[in-house]
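Chain lettering (A, B, C and D) follows the sequence in which the chains are written, and residue indices restart at 1 in each chain.
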Amino acid sequence: MAPSGVQKERIEPQDVFLLDGEDLSACRVVRSPADLALKVSECQPLFYNAFRDRDAGAVIHSHSPWAGLVTRLVSPSGAAATFECEGWEMQKGLRGKGCFDRVRIPIIANTPREAQLTDSMQQAMQAHPDVDAVLVAGHGVYVWGRDWVQAKTQAECLDYLFRVTVQSAAFPSGAQP
Amino acid sequence: MAPSGVQKERIEPQDVFLLDGEDLSACRVVRSPADLALKVSECQPLFYNAFRDRDAGAVIHSHSPWAGLVTRLVSPSGAAATFECEGWEMQKGLRGKGCFDRVRIPIIANTPREAQLTDSMQQAMQAHPDVDAVLVAGHGVYVWGRDWVQAKTQAECLDYLFRVTVQSAAFPSGAQP
Amino acid sequence: MAPSGVQKERIEPQDVFLLDGEDLSACRVVRSPADLALKVSECQPLFYNAFRDRDAGAVIHSHSPWAGLVTRLVSPSGAAATFECEGWEMQKGLRGKGCFDRVRIPIIANTPREAQLTDSMQQAMQAHPDVDAVLVAGHGVYVWGRDWVQAKTQAECLDYLFRVTVQSAAFPSGAQP
Amino acid sequence: MAPSGVQKERIEPQDVFLLDGEDLSACRVVRSPADLALKVSECQPLFYNAFRDRDAGAVIHSHSPWAGLVTRLVSPSGAAATFECEGWEMQKGLRGKGCFDRVRIPIIANTPREAQLTDSMQQAMQAHPDVDAVLVAGHGVYVWGRDWVQAKTQAECLDYLFRVTVQSAAFPSGAQP
């Protein structure tokens, strides 16, 4: 897992934390970087939600502008809500979804500190067992998969869906997402 | 032809399928990758539509957001329709078109599986013999050419036309595409 | 000068035409590529407009989507018109302009063939002696400078001005360009 | 500090001016490039505002289109105003701010010459001691930090906030920034 507060392009391999993959209730770091100034990302318990409850092998957290914008489009107040889309081929990149399914991704309200999202993320996951992502209002998205390949595919397909939903919202005829 | 379900930047030369260029009715793979887990893209019969009926030497299939968005703009319901534009210099990059011609690209409805597009794509090609592309609603575009150079030129010019049509749709004065 | 119809990233140094810099009325190529299939760009007489009437050392012709879009915003019908903007710092990158000046760039109507723009471009240049650019409706822009450095600076600043004008046109309050 | 009027990608290490870091009231260059044609950027006194009044170790000046556009959105006339946003996770990248705080960045009116911004920038900094940035209408943004790492983080987070504010302004429901 990446360290907290380090610009992504400046992270070196030796700056990465190794997490405990055996005891998933412990949320434990098993190897820390030599640089003691580095702290593990505050996303740690959120990632363990996916490791533990969904048997995820990899989790991606993104602050993509399209993810942030789509939460603002759906929930201008930042309250919990649901992103929905339908009719896009890229939905096929999501586990178990076809292009004619209606995709529903939960949006949870943001909290002052990232770790405070742990419970509401877990509840949203339980309420939406058919999707591998949780949006956070004004913040971004957590996406996971059985391995990094599936996590990356799902992250890329979701970002496409967020983007086209945001961009089609500006259509004069008001095409529905 | 590319394998199915492999992230594009991870495809290696040895992962590509060699298609039969002699018997165009057979839609046959003549050499498969050593990795038996790889399957040929489900686009195979769609590419043969262009090889067989248009003597194409290369076909490009793109999920460009601009292609997807322009189908949503023209056909919010996802039904079969026609994309039209006029007055753009980049139209000259399309076979036989000038900048004052009206370009019409058929949009076919999407289907649950890609191979199911084969017949409606063929019919759209017959109805639009003057253009080398078929859009698929909420999905993307198939573009071809006599060789990869022309296929690439046409794909790039079309993507430009899709983009400027989508972006000008947001103009307050409602400039017509 | 670049050859006609070759994808820009595929042009090799030996594909470039050398133009006559002495007799500017002749519009003459003094050295052609060895590859006889290559033809000089049809922009040749348009570039000589700038070489001859403005003592330009370099001309850039761009099909930038922002250039095309801004002509569509200002002149949806494609008729001759004028792009105007005011109040942007980037105007300082244009010869003789400050950020509080009103910049006016002529837009000429497009023609079926590029060489047919020669006379209307020359007239637009005479009517707008204070700027080093001519837009072509639905097409792009010609920009020049005393050398390639100034031509590039002016092309980049203009592209910025076209972009922010197009993007601010979508503002709900209708901020004026 | 960078030289004036040189395209950023063409600046060489030896073209950079070394500023006096001891006597911050002098705004003095202590080493100039060997190339006497180079002049120091006119931003020099503006950077010293941040060095002197805020103990900044690095200042970034950007003409980002999103920065320019957001000033046009907030202040179409170019008058002094304030950019505000709230509810974005990326606000945490700004010194002392959380995602539920309301961020207020002053916008000062532009002036014909950059150095003329010195006094109004200083006054805006005094009026907004809680933020490390000043926007200039139709122009861009000045951002600083205790070192280049913090300056870069704050510049990137602000650009994100400017971008999502501009893009969400086009939402049909009028989501508030």
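In this text, a contact is a pair of C-beta atoms (placed from the backbone, for glycine too) under 8 Å apart; a residue touches a chain by one contact, two chains touch by 3 or more.
Predicted model, so just to flag it, every value in this text is computed and none were measured.
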(request) Pick same or different for copies chain C and chain D, depending on whether their interface residues overlap by over half. (result) different
(request) Mind checking the centre-to-centre distance between chain B and chain D? Centres are C-alpha means, answer in whole Å. (result) 44
(message) Averaging over Cα atoms per chain, report the distance between chain A and chain B in Å.
(response) 31
(request) Check each residue of chain D and list the ones that touch at least two other chains. (result) 170
(request) Report the complete set of touching chain pairs. (result) A-B, A-D, B-C, C-D
(request) Spell out the residues on chain D that touch chain C in their complex, using ranges where they run on. (result) 7, 63, 65, 68-69, 72-73, 76, 78, 110, 112, 136-140, 166, 169-170, 174
(message) List the residues on chain A that touch chain B in their complex, please.
(response) 87-90, 98-100, 149, 152-153, 160, 163-164, 167-168, 170-173, 175-176
